[in-house]
Amino acid sequence: MHEKKIAVIGGDKRQKYLADYFSLLGYKTVIFGAKNIPDTASDLTDALSGAYAAVLPFPISPDGVFLNAFCEDCNIRLSFLFSEIDRLSVSRIFGGLVTAPVSAEAEKYGIRIFDYGDVEEVKIKNALCTAEGAVEIALRELPFTLSGSVCCVLGYGRIGRILSLRLRDFGAKVTVFVRRPEIAALVLTDSMNFSYNVPDASVNADLIFNTVPAVLLNEKILPKLKKNCLIIDLASAPGGVDFSEAEKLGINVIWARSLPGKTAPLTAARIIADSVSAELDKS
Amino acid sequence: MHEKKIAVIGGDKRQKYLADYFSLLGYKTVIFGAKNIPDTASDLTDALSGAYAAVLPFPISPDGVFLNAFCEDCNIRLSFLFSEIDRLSVSRIFGGLVTAPVSAEAEKYGIRIFDYGDVEEVKIKNALCTAEGAVEIALRELPFTLSGSVCCVLGYGRIGRILSLRLRDFGAKVTVFVRRPEIAALVLTDSMNFSYNVPDASVNADLIFNTVPAVLLNEKILPKLKKNCLIIDLASAPGGVDFSEAEKLGINVIWARSLPGKTAPLTAARIIADSVSAELDKS
Amino acid sequence: MHEKKIAVIGGDKRQKYLADYFSLLGYKTVIFGAKNIPDTASDLTDALSGAYAAVLPFPISPDGVFLNAFCEDCNIRLSFLFSEIDRLSVSRIFGGLVTAPVSAEAEKYGIRIFDYGDVEEVKIKNALCTAEGAVEIALRELPFTLSGSVCCVLGYGRIGRILSLRLRDFGAKVTVFVRRPEIAALVLTDSMNFSYNVPDASVNADLIFNTVPAVLLNEKILPKLKKNCLIIDLASAPGGVDFSEAEKLGINVIWARSLPGKTAPLTAARIIADSVSAELDKS
Amino acid sequence: MHEKKIAVIGGDKRQKYLADYFSLLGYKTVIFGAKNIPDTASDLTDALSGAYAAVLPFPISPDGVFLNAFCEDCNIRLSFLFSEIDRLSVSRIFGGLVTAPVSAEAEKYGIRIFDYGDVEEVKIKNALCTAEGAVEIALRELPFTLSGSVCCVLGYGRIGRILSLRLRDFGAKVTVFVRRPEIAALVLTDSMNFSYNVPDASVNADLIFNTVPAVLLNEKILPKLKKNCLIIDLASAPGGVDFSEAEKLGINVIWARSLPGKTAPLTAARIIADSVSAELDKS
């Protein structure tokens, strides 16, 4: 049993799972400012008092000014948060998506935030959650079975690879769009087809998944796609689809973002907890 | 191009897909009495006039008296349907779930109904649809990933086998409950664990799928299950779970019936169309 | 610990593994007449004395007259074997491939032989051994990788199915020849292609596996096969290939028989031991 | 049809496949100095005359002085080879394993050798060949089935990953030894177990594959391994096993080197040809 206290601050219901998991690991935990989750501290100061570590949400702050948190009659400014952290000598700070404004504000108080979203291990595990979420969407939306369907996956990075393998194992005929020959070799090794060319990869597809953060499915390609084709875009902003053109053509596009927290919040929380915990154990 | 006319009668939106698919195969088709689908014949008599074949829905008649059909201000009695089929000399009649009352009524008019739901090929293909639907439910309901989850599948028939394989390929740890050693051997061959014993197979599971039409998950076993365990019952009536006991214990049970038509109506329609079409081609 | 003695009689080195495995299960075991394995009994009578069970080899007797056994200066007639078994009151007799002559001879002494080779469970487990052996041969013989190769499997019974799945998982493009639509449906469900037609299934193949005990690869089809195609015949006598025609055409055919004992003698022995042991436990 | 001539020089029977494959791609090809393959040029000078490109073997020269080639009454010095290449103005030179001495000698004549063995794409494709060869060895050597066996794979690089996946798909229980958490995450994502610790990963294994070029299986670990365990070492020199210690302990170790050329020479040749051809097409 640790004696150490961890303050879980802000965010959504994932934070509850996170706190539960830290408790399982033997930490004393408090929750404050998580959406739709009852606080277990009276205010931010109470939450941080005596805490060895604070775990901020993912993302920490969408606007770089206010914390991504939910409390009655209040908005928590990052400047207040960091000054309290400094004043109360909370040693270790964790958070997701440490943007330049967040980082700059933290540095004013000499605070370094460990970005758990930037850990390769976390990214790989999250990619699996995203892949499962993407399959769930496909199963829900399509009027036919994945088995026997013609699928196109754009990109073969962390998400593209595990998603392609899952689709393959479901009996889909998968073609992966890649740019580089060594990635093409990897696709072949994994017993799927590849194409260096977006149109060739996508025009016969019943289902297209995009994982590349670039508008590959543009006004030139969209009109060539199969009628009734479904596009599931997994890329972060600005996404990989010319959405207005797709709408004009009546193509069904689902822009699925932040899937890990939606499809598997418990697993997503555990991924963060394991990463934070490993980091805490190091020192 | 066939000149033959097929009348698609009653049922739900699957019938629309069915009619479309028959059209693709070159038949002239009419639709009458399908739920939420516009009729293309003015009435039942119009639909059946000149038809070579009639395709009745699945199930043909839940109560053995009225046809499973939807039309304005009317209920179609099986006796009327069959007398019209007889009078208008429709040669071939197809339908799903030809129960004893349905069969008895048809025989009064010398009509034999080909039960496409009783064709082994159809059952196997439907089992795949059911398996995909079951995975969809699991992905939607569970707060954690299937990958790494502990799954129990009760039964290793058509549905149990393909479902288990899909779960295995998703990285779940699957234990299959079987009764006979030759089925156990098949499970081993497919690289999963088996148990001859329901409690052993299920007590550690995060997720239990039942495919056996017998109440295996009864009042003795339910209390031993893991807290937060999810049960997805795929068995036909009366199902495989003591539902009232499960409710008392707060165990989440989903009784998922008729999944093919829900999760993959287009594929489900095509399966029926292929079976009917193969039968039509025989003679 | 059992007090019971099991006499393992005749056969090859599998019998040594068999005896070892029975010892592990707690039986007292003796070996007599196994090829290249030292006897642990002085003669057949010594081996059978006090034995509760005798495990005869697979096959028991190729010619129906002599036991498939190896001992100095002797041939053991079935008639002698069975009279000794009768005289010494050995209760339970097991053996593989109980042919009509063997069975007839045994019945003269009121002996019923449990044929472990005829147990469905044993057949399924042996099919897996055969599939692994077939893959081993393919990997050894082919100058290219299985991954990406075009494979044809004739038949989708116990061996055909597990072999096809293994090839598929290795990244081969597999087409399965089947006769019946319900088996075709099973192949589709398992994410492979099927054909109802031997030539269509085989003419583009780099590698053909036959599992059907009928000469499907006959003088009409052999000339159409791809140059350098390899045929691995897994069928029991008379095999599935017109061997003389294949030789004339210079087609490489490997007739691979009794693979379980060759590729995985320890597993093969264990399969028999488990079956015999389960039977012994029943009574 | 290219008019360009390619001279395939030295090496083994893979070079024949290589020449054949270049012919298929439309090149004019000659072979000289390949082991057990008839020359199609009268001597080295004849082979290189008028050639646009020369493809040297893998490895080019084990000792850094003589070419890895086979011709009657002669040894071809690298210095002679490169001076001829220079004199006859052969534009493009390809070879495998361009060591420092080879490179230094070539530079004297202003020659840059494209090392096809150092291309990531080639390495990935070769890893697949190596994995198939490793499975072949395991199937041949083990007296039990891979299905159900306990396997340990040391390392999860190109070879370790594809090999582990193949073993997993064969129904083996695979534990992968890794050093870094992000690789552990990848193993989990691929539905296998990992360990950060060599003994934990290996002591229960029936079969250990090493892919790490470091002596992980040393005098401390070898005595702890399971009796009858088989080690297949896939690492390049000096290998990953303390061979003398293993011999002392009677542990069966197979050091399997250069598997692609042995198990799949045709595929291995094609991998090189594709790489060389892609390079030739670039300019």
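We just call them A, B, C and D in the order they show up, numbering each chain from 1.
Quick note on the criterion: a residue touches a chain if its C-beta (ideal position, glycine included) is under 8 Å from a C-beta of that chain, and two chains touch if they have at least 3 such contacts.
In this text the structure is predicted, and so the values were computed from the model without any measurement.
**Q** If you average the Cα atoms per chain, which one ends up farthest from chain D?
**A** B
**Q** C-D versus B-D: which has more C-beta pairs touching?
**A** Between the two chain pairs, C-D has more contacting C-beta pairs.
**Q** Just the number, please: Cα centre separation of chain C and chain D in whole Å.
**A** Chain centres of chain C and chain D, defined by C-alpha means, are spaced 36 Å apart.
**Q** Please tell me the distance, in whole Å, between the geometric centres of chain B and chain D computed from their C-alpha atoms.
**A** Comparing mean C-alpha positions, chain D is 52 Å from chain B.
**Q** Do you know which chain D residues sit against two or more other chains?
**A** In chain D, 128, 147-148, 188-189 touch at least two other chains.
**Q** So in the complex, the part of chain A that touches chain D is made up of which residues?
**A** Checking each residue of chain A against chain D gives 119-121, 124-125, 127-128, 162, 181-182, 184-186, 188-189, 278.
**Q** Okay, in this complex, where on chain D does chain B touch?
**A** 147-148, 171, 188-191
**Q** Enumerate the contact residues on chain D facing chain C in the complex.
**A** 17, 128-129, 132-133, 135-136, 139-140, 142-148, 166, 169-170, 263-267, 270
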